[in-house]
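Contents: one structure, followed by commentary.
Labels for the chains are A, B, C, D and E, by order of writing; each one numbers its residues from 1.
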Amino acid sequence: MKQIIAVLTVIAAIVVVWYAACIPMNIKGVLTEQERAGAEVLPPSAKDRRDMGEIGLTLNNSFAIPATWEQDRPRLPAPHQVAIEMWETTIQKKITSKRSLIYHGWVTLSATMLGFAIGTGLGILLAVGIVHSRVMDLSVMPWAIVSQTIPIIALAPMIIVVLFSVGVQGIIPKAIISAYLSFFPVVVGMVKGLRSPDAMQLDLLRTYSASRAQGFWKLRLPASMPYLFASLKIGVAASLVGAIVGELPTGAVAGLGARLLAGSYYGQTVQIWSALFAAAVLAACLVGLLGLIERTVLKRMGMAQ
Amino acid sequence: MIPIFGAIGVWLLGWWLNSRLASGPYADTRMVRFLAPLIFGLTVIVIWELVVRGLEVSMVILPAPSVIWDRFWDSLPTLWADFVQTIIKGALSGYIIGCISALLMAIAVDRWDFLRLGLLPVGNFVAALPIVGTAPILVMWFGFDWHSKAAVVVVMVFFPMLVNTVAGLREATAMQRDLMETYAATYWQSFLKLRLPAAMPFIFNGLKISTTLALIGAIVAEFFGSPTLGMGFRISTSVGQLSLDMVWAEIVVAALAGTAFYGLVAMIEKAVTFWHPSQRS
Amino acid sequence: DEVTLQLKWVTQAQFAGYYVAKDKGFYEEEGLDVTILPGGPDIAPTQVIAGGGADVTVEWMPAALAAREKGLPLVNIAQPFKSSGMMLTCWKDAGIAAPDDLKNRTLGVWFFGNEFPFMSWMSQLGINTDGKSESGVEVLKQGFNVDPLLQRQADCISTMTYNEYWQVIDAGVTPEELVTFKYEDQGVATLEDGLYVLEENLSDAAFTDKMERFVRASMKGWKYAEEHPDEAAEIVLENDATGAQTEEHQKRMMGEIAKLTAGSNGALDPADFNRTVETLLAGGSDPVITKQPDGAWTHQITDAALN
Amino acid sequence: MTTGDPVIEAKHLDLTFQTNDGPIHALKDVNLSISKGEFVSFIGPSGCGKTTFLRCIAALETPTGGTLSVNGMTPDEARRNRAYGYVFQAAGLYPWRTISKNIKLPLEIMGFSAAEQEERVNKVLELVDLTGFEGKFPWQLSGGMQQRASIARALAFDADILLMDEPFGALDEIVRDHLNEQLLALWARTEKTIGFVTHSIPEAVYLSTKIVVMSPRPGRITDVIDSPLPKERPLDIRDSTEFIEVAHRVREGLRAGHGDDV
Amino acid sequence: MTTGDPVIEAKHLDLTFQTNDGPIHALKDVNLSISKGEFVSFIGPSGCGKTTFLRCIAALETPTGGTLSVNGMTPDEARRNRAYGYVFQAAGLYPWRTISKNIKLPLEIMGFSAAEQEERVNKVLELVDLTGFEGKFPWQLSGGMQQRASIARALAFDADILLMDEPFGALDEIVRDHLNEQLLALWARTEKTIGFVTHSIPEAVYLSTKIVVMSPRPGRITDVIDSPLPKERPLDIRDSTEFIEVAHRVREGLRAGHGDDV
């Protein structure tokens, strides 16, 4: 309860700051528009205004403040503009419509899920290899870290082209980029998790002279579950970013990334912001869903009180 | 076909070498920890070379490592200028501003429980915003030069840093806090003498995560507008000119810089948190 | 027969001819099943075709010639665009009236293979591009939109007559506030949207046959689009998967595009080619191409297709 | 045995924790008076409220009923006056500080001068027999040495009352014996009032002038045993009949309050 | 007391750990013979090699010198033959398994049939007095109950030897007394050979037929004390003179080997 109040307060504060920030951010554009519409603006020349501070302009032309929240192509759209855009593009559009955010969200989501599945699978396999083979631990793990310093967006177009050349198109290239981003947290978390049983627990199995496979299935794997879920939550958010990145170079075809790009391309800031929020909402939902699964699984395993 | 068999052979050789190293008597020495990944990397590079040459993969799809190597040495001045623009000016300044402001915010969040309850969930939500989306907005706001890149980096590193620091500041055990209580210590005394040092491992964890994020952020942001230099600029224009060797040379720079940056922070971490069990073993 | 066409940019009226041909069944009449792949900001069509991801691609000639020098033998088989739509759009109040006024200014330029005409022009004007000075300009890598101009981060930006210029206008700027320099007028026009294939494929009879039918149907599409701009714009809108394009913008774009395709029957005019090559060769210290390309175009397809 | 005015006095002390599983009655009607210079041990099964009672004295927990006074003040005032040193079960030294810096911690907080800090550190290090280890980090010391350092830390600012919550619980018997001996010596020298929680019957009997036996659910005092042992106590005293008698009485008291719910 | 052939026999056993700070001589020239049915306690200060010796018997550690035989085999063969059950200091139950599933763990690994598993679980649960708790998860049980479950786990596959490394170290004295009683009863019933590490002198004396006193740096055996106590031992026996005598002897032995380096 206390938490809800706190969150609401913080959100309210952010909204207030946001509205306030709209004024200096948009004032120049608004004044130009007002001037064209015939209003008296101080100073009258656009060139003078360019060199003036935003605050000074606002003070000079306080009549223009409401207009900073209603611009068509603002530098910073006001919260209600974003909210209205989101409302119109989700609830009021058919979900099959190309103008529906839900449609684009779905396109991104499907690539995210596929990439997440691939990335998680690979990540777990790699982690199992690293934990069980010293050779892999020594030689592969450092490169897994280095791989994260490569800017994926630089590789994304090339991945897409290379896959094109072997005839793979559509969702797969996006999924692969999204897998690239999600595999690392999973590897790190899973390696940690598979190594989490302490020496005593491992020794216990030795006293039973258990095989390696038995050790894996009966001890390491169950013990790694909390770590797995923690990294899955990071991984799924990264997956989504990957899917969006993958949508950029393929151009404005479909998906939230395409929506962002198109918004940016046509200077539709409101559209960018609403796509951004849609992405964040999607990420929050995915993480929340995983949290729910985590709780049920761990509860059934008896690991959550 | 011969290069392909060669590639398979090289792979087996590299793996065999590493297996020997890993099961050998020096498996735990620093030497092997350094050598093994090196051998693995070299193996991959040789195989790459052989496959590209063997299958005659087009230069404009995937250049061979030797070509990239040549391009790297030929273009050092360009690469250096790009490095300065993107890493030093963009990434580094953003990293510093972002980390420091996150640290200050974390202190505020830690001081007022209300903020922790309210701000952290919102922060997690904002952190989920895909950076690629914020980049064009920030370029619009902060201009084409490195300032907007730094702004993107600030946004990227802020929340991981905040979340880690806040977690770290809560790391001191109940017993350690009670101890401070028995001394009737003030908030700031217990902050400086207990909570901040206890949080260091977490803070450094955040700092390490942020190194790679900073690099990626600065490069990505250049895709959305830049002056005519910078690593992101070079990568995107070089793809357009089909100078794939240049693209890979920049990727090499990014990987080198990222690894060095990460290594540097890890080294400082070792010096500062020498007392932590994870650093002692 | 299946044909994959890689576009240079996102789905818009710039490519109306191909969409019309597909939608109106012109391709089908020729027995072709055409897949149109939209491009994007980081997709190099030349790279796609090199990787075998497409049979034919829409590309600008400077980029194609540059790729050719890089060892990717692209050949122009048709040229639906007669004139260039690229221009530099500047604020008049910044005090720019003639090309010479560009000195000491900040200019937004597209890169990714589209910077070549600009570089040639600057070197012809004797302006260096290393930064602001009495004899130089500061060049910005412009993003995908016209913000740099609107936000006054640049004095001039690159625009296309059919697209970005109108975005500036749509943002509330009046044409009187702007000064434009068309590359066409400055004598540095280079050929834009042409159709390119890999040279090696041209010796394959089955392939050339397919291309002949493709070019024939495409040109039919273009001419139809020129005559029915509104319908063409509608077709483009239907094919736009993002849902971001507006009808008004596409109709206007179609009108402008029609001006550029007018006068081309699809066959490349060697004079245009030579002018393009000369412009590019004159690219100053860092020319786009260094030697006269040969075999970079052919009438083989258009001759067969259009007769 | 030095006895004097009651330094700690609890009357009808009550404490109920509100938890998600309902309230827990951790202390019920606790009455106890501790005089100056006494060594009082608290013993009882897990969960009987030993720690809770000690924490109430230290003002780390607020009773929900009854009165509690420390040096005639409320516990919180006493805390602000730095009336007591508290030693926890684990040494709880800060790993990033050397032993001497750890001992200086309360002195820094209380604003002692650097010279005074130095002097006091040396004094208490000697008291707990750790001279020569001031530059070491905690993890470089054995468990017993760490625990001695933590006692030194509690002694450094020279409070009259020393509260110790199972300070030797994690140590082995031999080390424990040794520290018990030293603690007794220290107590004899300094005349502090000591409250000491333990699980070990021999330890309680060996150390205390008064043994408080507690019982859980709800936490309460079931027996208070005054020890007839002399102040001078060699380790051998543990094999004496008096000792065994007291120990027996404590064990009986414990068993009575315990039931069979192991 | 049932004695028989030596089940465990160590001759000149030596073990040196190579560490970064140089070698640690954890066991030096250890000679010991344990007969069938004996209850042997190992006692000694921290670091004297008690755990290491037990681990050698269990083939969790490989001696660097001397010979060690278990049931006439090498320790590793004995391990493969599942000759012993091992109980660690902490219960170490898997939190994701219920009590009965935890006890089944070794049975699953050793490939017992489901019916047999069920039967054995019921038997050992009864033995350790935990019937009715099979469906609970470990954290729903008290520490003492968890430790009993971990003993049940070690008993489930009915090995002849039971090795226990400070199994009750983390429990409070009362619970410990209770478990000691139960362990003795169990031992009497099953005639197992038990090796038992402890820090507590009373515990060692109360339980054992033989007490092995060890001393550190290098780890070695300094004394082996045979207990004259009868097999039948009520808890009260601890107040008897015989008991106190043995305890005294153990304490002397310990002190001798200990020095002053706490």
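A few comments on the model shown:
To be clear about the criterion, a residue touches a chain if its C-beta (ideal position, glycine included) is under 8 Å from a C-beta of that chain, and two chains touch if they have at least 3 such contacts.
For reference, the UniProt names are A, B = NitT/TauT family transport system permease protein; D, E = NitT/TauT family transport system ATP-binding protein.
Everything numeric here is computed off the predicted structure, so don't read it as measured data.
The chains touching chain B as well as chain E are A, D.
Chains that touch both chain C and chain D are the following: B. Put simply, the chain farthest from chain E by mean CA position is C. Separating the centre of chain B from that of chain C, both taken as means of CA atoms, is a distance of 38 Å. Chain geometry summary: the mean Cα position of chain A and that of chain B are 18 Å apart. With centres set at the average Cα position, the gap from chain A to chain C is 34 Å. Contact of a single residue of chain C with at least two other chains is seen at positions 41-42, 44, 47, 50-51, 143-145, 147, 151. Taken residue by residue, chain A touches two or more other chains at 75, 153, 157-158, 161-162, 165, 248, 264, whereas all remaining positions touch fewer.
The set of touching chain pairs reads A-B, A-C, A-E, B-C, B-D, D-E, using the touch definition from the header. Residues of chain A touching chain B in their complex: 2-3, 5-11, 14, 25, 75-76, 134-135, 137-143, 145-146, 148-155, 157-158, 161-162, 165, 237, 240-241, 244-245, 248, 256-257, 260, 264, 269, 272-273, 275-277, 279-280, 283-284, 287. Looking at the complex, you find that chain E touches chain A at residues 55, 58-60, 79-80, 82, 84-86, 88-90, 92, 94-98, 105-106, 108-110, 137-139, 157. Residue ranges of chain D in contact with chain E, taken from their complex: 45-46, 142-145, 148, 172-175, 178-179, 199-202, 239, 244, 248, 254-255, 258, 260, 262.
Against chain D, the residues of chain B that register as touching in their complex are 173, 175-176, 178-185, 189, 193-194, 197-198, 200, 273-277, 280. Note for the complex: chain A touches chain E at residues 200-201, 203-210, 214, 218-219, 222-223, 225, 301-303, 305.
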